[in-house]
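Let me begin by handing over the structure; questions about it come next.
Labels run A, B, C, D, E and F following the written order; every chain starts at residue 1.
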Amino acid sequence: MEQALLIPTVAEKVFARDLVDGQQVETAFIVREVSRRSKRNGEAFLKLQLGDVTGRVEAVCWDDVDAVADAAAPGAVLIVRGAYSDDERYGATLTVRGARLAGDGEYDPQDLHECAPVPFAQMEADLRELIGTVQCPHLRELLDRLMAPDSTVWRRWSIWPAAKHYHHAYRHGLLEHSLSVAQGVSAMAATFPGLDRDVAVTGALLHDIGKIEAYEMEGDSIDLSGSGKLQGEIPLGYFAVRREIEAIAGFPADTAEALLHIILSHHGSLEHGSPVAPCTREATLVHAIDNLGGKLGSFDRLEKSLGDGERWSRFDRALDGSAYFARRDAA
Amino acid sequence: MEQALLIPTVAEKVFARDLVDGQQVETAFIVREVSRRSKRNGEAFLKLQLGDVTGRVEAVCWDDVDAVADAAAPGAVLIVRGAYSDDERYGATLTVRGARLAGDGEYDPQDLHECAPVPFAQMEADLRELIGTVQCPHLRELLDRLMAPDSTVWRRWSIWPAAKHYHHAYRHGLLEHSLSVAQGVSAMAATFPGLDRDVAVTGALLHDIGKIEAYEMEGDSIDLSGSGKLQGEIPLGYFAVRREIEAIAGFPADTAEALLHIILSHHGSLEHGSPVAPCTREATLVHAIDNLGGKLGSFDRLEKSLGDGERWSRFDRALDGSAYFARRDAA
Amino acid sequence: MEQALLIPTVAEKVFARDLVDGQQVETAFIVREVSRRSKRNGEAFLKLQLGDVTGRVEAVCWDDVDAVADAAAPGAVLIVRGAYSDDERYGATLTVRGARLAGDGEYDPQDLHECAPVPFAQMEADLRELIGTVQCPHLRELLDRLMAPDSTVWRRWSIWPAAKHYHHAYRHGLLEHSLSVAQGVSAMAATFPGLDRDVAVTGALLHDIGKIEAYEMEGDSIDLSGSGKLQGEIPLGYFAVRREIEAIAGFPADTAEALLHIILSHHGSLEHGSPVAPCTREATLVHAIDNLGGKLGSFDRLEKSLGDGERWSRFDRALDGSAYFARRDAA
Amino acid sequence: MEQALLIPTVAEKVFARDLVDGQQVETAFIVREVSRRSKRNGEAFLKLQLGDVTGRVEAVCWDDVDAVADAAAPGAVLIVRGAYSDDERYGATLTVRGARLAGDGEYDPQDLHECAPVPFAQMEADLRELIGTVQCPHLRELLDRLMAPDSTVWRRWSIWPAAKHYHHAYRHGLLEHSLSVAQGVSAMAATFPGLDRDVAVTGALLHDIGKIEAYEMEGDSIDLSGSGKLQGEIPLGYFAVRREIEAIAGFPADTAEALLHIILSHHGSLEHGSPVAPCTREATLVHAIDNLGGKLGSFDRLEKSLGDGERWSRFDRALDGSAYFARRDAA
Amino acid sequence: MEQALLIPTVAEKVFARDLVDGQQVETAFIVREVSRRSKRNGEAFLKLQLGDVTGRVEAVCWDDVDAVADAAAPGAVLIVRGAYSDDERYGATLTVRGARLAGDGEYDPQDLHECAPVPFAQMEADLRELIGTVQCPHLRELLDRLMAPDSTVWRRWSIWPAAKHYHHAYRHGLLEHSLSVAQGVSAMAATFPGLDRDVAVTGALLHDIGKIEAYEMEGDSIDLSGSGKLQGEIPLGYFAVRREIEAIAGFPADTAEALLHIILSHHGSLEHGSPVAPCTREATLVHAIDNLGGKLGSFDRLEKSLGDGERWSRFDRALDGSAYFARRDAA
Amino acid sequence: MEQALLIPTVAEKVFARDLVDGQQVETAFIVREVSRRSKRNGEAFLKLQLGDVTGRVEAVCWDDVDAVADAAAPGAVLIVRGAYSDDERYGATLTVRGARLAGDGEYDPQDLHECAPVPFAQMEADLRELIGTVQCPHLRELLDRLMAPDSTVWRRWSIWPAAKHYHHAYRHGLLEHSLSVAQGVSAMAATFPGLDRDVAVTGALLHDIGKIEAYEMEGDSIDLSGSGKLQGEIPLGYFAVRREIEAIAGFPADTAEALLHIILSHHGSLEHGSPVAPCTREATLVHAIDNLGGKLGSFDRLEKSLGDGERWSRFDRALDGSAYFARRDAA
């Protein structure tokens, strides 16, 4: 992290995961939650939740409350100065002595929030290159319409998260996930015989398109939308793609059905929310690589939460178990 | 069945279920399957499957083969003369000595195939009356459009079966089932508080609308269509209704979502093929009465298959058990 | 506890659900729990849990401890004066400054505990009217014996709750639930053919009769009894009804078995605690409407817990999901 | 098998399991089914199903039809003379040339039907000895009443089968099974601490008592009764024992509940038909040994069906797999 | 059996799947089963089951029985001449008029049995190339030992089938399956970050190694061995690899455990027979691609069974559904 | 608590389970956790978790911190003097006023930690006696090698716990559990016919041998090892026994397979982690008695946690329910 000369230099990021009782800190945190409260004597104080990519820490600020309150909007990045204690009675708290908005050069965004490990521009370029390999003109037109830089779909799809918790639950996560699944599908189509690569790759790119309606994103906050809960991400995506297909003259019915079947069946089974189970090679393939990509994404997320020397993650609901990282140096 | 004077009178219907070894029969059957075969000596004979509402019987015809073959098209109703034997080696067979097309007055259609117990005209009248009770103008318009006598939907929906096997698996079965579910839903809305009756009744009427694309019907033969298998009846119905809603100006988004949620969730849970589970009172109600109506329809079907004095049906997959008919006289 | 002079007027109910940090309150609450404790300096104080129909709030009382302790018996309704704080360290607490027993006119019971929305007298009248429609003399005699105003069964059944948590978990809840299920069953018997209405309605009224032994109720507190845990509500109800039937001369064996089968099978499947699954139309019907009535009861309960403008409930175990209330004005 | 001098001596039992194409046989079989049929030419013949402990064989009799028909009542033991063929077209058949009723000394009953390996008198003696070890006077009285040689219960219980198929599905099977479970329970009560042996042993003896109403036995034919299907064997047994307990003055409520809980919970879980799961040591024990005894009974049954040198049984539903018999000589 | 003089030319393969009533055939079949039987008049005849890659056909031979019997050993390839009839009474049968052993040039082996679509030499070359890319010297040594051309493991592993039914159930199927899974794993390791490619590829190659003890292969006949049933393919493979690892000096414990974990967990979950579930990225990957490869193998198998114009396979247990082949020309 | 003059005698144990608000205590506790902390004013204090066989209590020590800290190593037994309060705000805490290491005679170890109810020497003697009854020389040699007093296996196996939580989760628990299962198996082999007692008893003794690698024990702290999580206790035990068998010359393959099958299948089904399900009588028996022994062990554990007069335990995960202790005096 290159720093300007004079001014506020934060020697090094101190991570929430690594705080120990009694530690003095001056480091960057993102504000997750903030509320103004009153002590019994009537004086105001702030209760905050601060976070970085490794976790969260409860904080309280008794001093300079107004100034800190001005800076501490949810989502803002602060340089926080204070002391951490893991108190017998009150639990773990960071007592904030001062805080100010961080300048752009003062922190590395990847220290603060989970994000795609590849820059957006690179992902978009990889995506457009992959789309360029689709030979079927109708599938190509469908992708070109949905992924056109000025399309409504693209504007959401390209920045949306892929989930609320489990994997790729951050800005551009949907793009990152869809792209890697499609790349994996493309590679498998070269390994196993009998696959219609164009259908499979298009299905892989569009399989999660319903998430742009099923999720809402405000700042770093991701949640299911009302439509997501009442209609489900799969019907929403199915409707969007089928309506777009119907707007393309001459789109072959067979190809349409093959693609829609992938979107409808990509959760792999009824009990996971697909109204039909995969019954084509292409749908079987997209489901397998989507599932694999999601699990590997959970490994990525869990690895970041490990402390020094730890090899086992905590129990994780997405994996239904703990993850083990055998060779962390190599990871 | 009293017959006019001169012509072929069939004293009484002999049912497939009741045939006994050695019995001579002359009665009406519907032709289910027919194939022309050759004996080892090269002579032609016919192998048939004949049926009525109580079941099916394998048949063979060695005599008068050409004449019988002319009459015996699948779906045709024949007056069949022959002898039934439950042979040690060859199993149960009806040896057909003669057969001719039955005249309209010579049989009671309800003896031959399962059908709705209420005449179509009555069901349509009941349906239009029920639609007339829907107060919400947008839901009313939606129903009027879909159920208009000249609409594409109505032309299939009003004659379609509700299933391939389990219940209401016959002409007009979908109308019969949807109507009775909607009537039941309407009655429950008067018993339990807090329900939006218009949404619930409309949802009940339309819940299975996807079946008109998911099933194919040819004569008495019902089967899942390719679209039914690749897309599923629920997404097909959801798409059809949502597209129709979008064609109605000013249709409230809330009402649309409440209705679509019923269609999507009416199987009650993910493992039964609904991509979302019911989370409104109305969806909970429609699922419950649809499920109940289906099970009671299975009881109706099984009761017809019972022989004299039988009270227990065979094991039935739809009920996952046997059905017991305690008071058959009263049924 | 200083009181205003004249009359018991409580301006307006303040609900537990709506309390906000810093709010001063003077309103009615029911006492859920109370314990006398000592501060480190040896002074006594009270720790309470107060509640109303919308939820519960932890409370503490440092002042006037003896007087408040006298009034604050579990189950008592108090007019409580104090201040609510949602403290950084200590969580949400109502600090009670004064409290006295509330007079009858000072509060609306429906603000304080869940209860049947229809008065008991009305429910009893509806019940007796419904019993009057049962034609079968033996079933009628059975109901008359069990529901006689001076019978042991009636004295418990008419006031018992239907559950500990999920639905109708309040005084008269069992009557309310059984009555509405029986009314629904009666309505369905008019919609679907082939049902023995007398058996179905009697089964619906008696299906949960085992709960009067399986649950204990003390004040507002409901819990499973030892017998409930060791024998189960279904065997307890089965034994009670079968023994009563055996005391009625000439009770037909068929009718007895049809009724007992409903009681035994009304949970719908083995894994839900029925030792046999429903295999008659009537048992299928009672199970369906019982299940529906329970779910709609959960919607009623959850709707009361919603804050202003909320449409989604929290996750609920009874529904295995969240409930959505689309049109709260209409509810 | 010692035979009297002159008369029909059947050299050796030929087992159904071991018949080979072309074999001439003269051996004892039990008649399972018989029906008189007509050939196309009008002549009568008999179609039979013959059996022994190793299986069944289809048979046909063209000769001496009237005489054979007189002897061949279902359940009768015949000395059958004929030829076995495993025909290309007609499958495996024993063509009966002659048959007559077997005399008592002409066959070993254990060759013909499954039966308890220990004589009834021995089992009864063992049972009465075990009952004699029960110290608790109330449990002792209960057992003495139910097992009194002239009691209605004893008359059925002592000869009833324990199942239709899976294990101990033969005369006295219920006694054999209940006794061995109770003996096993008694032995375990000496191995593991904290068990109330009297309650456990009594529960083990009575756990399946409901089967005397839940099953019907006619000759060798065993089937579920109507009551068995509508009420279930567990509620039937629970009712019978609870009613008997209530007839014993001063029977302690605790002991009654401990015993009834064993009967109700002995299937081990709700999905196996117990309305409550075991929650006492004694109920846990009886369930475990009952389950073990049932499975070992299935091994006994399957071992009898093995041919020479076979070590693996066919797939068996009771075991949900095949059984392996490692040391058949030692078995 | 009269033969044409000169050369073995079989005009064209007639497939079992395509036989129609009355067809005369002269084509190659493989003998699946054969037995010599006697007619009632004592004359011998043969009952056979013949097969090719598309299915099986029952056959009977009345003529020239001794000569045909000499040729028709199970597994032998015959040129069969005869007539096919789908008889009313006797079902579908090929009546064999003559048969002789086929010469090597007279048939295409791929017409007769399922086999790997790639020649063995090519697969071995691909395998050795892939092994050559493994960098870790210990994993490399392990592979070199197990896969050495003269090793006991290689001699079985390289020719073994991968299953009895579901996929790759033919000679070299295990090699074909393991190789394609390992190639797929290798490709995915290039798409997704954080994977230890050497461990994953080695695990993919060895994951099914236990099958060489768990299956027996005799000719075309594949079955589970006793050890396969009593110990399971996973423990057998685990033992073999762990013992081999222990024979390699200096094999790192971490690497050993990472590899053994893949073998143990590759079925993905306990209920599928893995004693531990995957908890590393590499084990997650191998399970996913193994599962995918198995399913795609089932698609390959089912596609071969389709008749002309068919797009839907029959229900298949491996896929738990039917497979759809949208673009059969392209397959 | 009055003390005798001279020596350290602790009149009576005060149990964690029985502490009440305001109680003064001087009694023995074992130290579970300890950490040194700083107050806001910089002074040191200690936060401890103390425990005994009935549970745990949080404690804090403000006085004499250094002396207490010296004594309070995790696992040490202290005589603790202090006051217990169940504070409104801070929860339940024992404020320690003084503490010193307890002498051997000052406490009963069974008051402090769960342990086997039978002394180790007795269990070892019982074990060696049981081993002495094994007749098969190869099984006997196997047991003699593994259980030899100086063997690596014995040194761990004889002191290891059988679990982390559920049952026998204490020193020597594995020996206690294995011995009682083997004794139960031996008794059952005398009750049920057809069992190979030597194989069953040996399998019962060795079934959990993999736990000595799958668990780590440090002091009272028990946890799964890395190998336990990556390989599973069953494969670890299978490998150990199979390798030992292979070192015994002439060990019969049949006997080896019968024994290994018990170890592999003793969890009873795939979903419980056995890679094969039991398919022999002996494996079926060991699974049943192991399961029973585990459940009865959970009853033992739960009974110790009951307060005076309590008959129902809290919900327990091992039993998936609450345990009921009907006759605690008799237990």
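As a working rule, a contact is a pair of C-beta atoms (placed from the backbone, for glycine too) under 8 Å apart; a residue touches a chain by one contact, two chains touch by 3 or more.
No experiment lies behind these values; they were computed from the predicted model shown.
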If a chain touches chain D and chain F alike, it appears here: C, E
Minimum number of chain-to-chain contact steps, chain B to chain F: 2
Chain pair with the higher count of C-beta pairs in contact (A-C, A-E): A-E
Chain located farthest away, centre of chain E as origin (C-alpha): C
Interface residue identity across copies chain C, chain F - same or different by half: different
Chain A and chain B, separation of their C-alpha mean positions in angstrom: 49
Distance from chain E to chain D - Cα centre to Cα centre, in angstrom: 43
Where chain E touches two or more other chains at once, by residue number: 226, 229-230, 257-258, 261, 279-280, 322, 324
All touching chain pairs, where touch follows the definition stated at the start: A-B, A-C, A-E, A-F, B-C, B-D, B-E, C-D, C-F, D-E, D-F, E-F
In the complex, chain C residues that touch chain D: 226-227, 229-232, 234-235, 238-239, 242-243, 257-258, 260-261, 264, 270-276, 279-280
Partner chain B, residues of chain D touching it in the complex: 37-38, 40, 45, 47, 60, 90, 226, 229-230
Chain A-touching residues of chain C, taken from the complex the two chains share: 21-22, 85-89, 311-312, 322, 324
Chain D contact footprint on chain F (complex, rising order): 117, 180, 183-184, 187-188, 190-194, 196, 199, 254, 257-258, 261, 277, 279-281, 284-285, 288-289, 291-293, 295-296, 299-300, 303, 319-327, 330-331
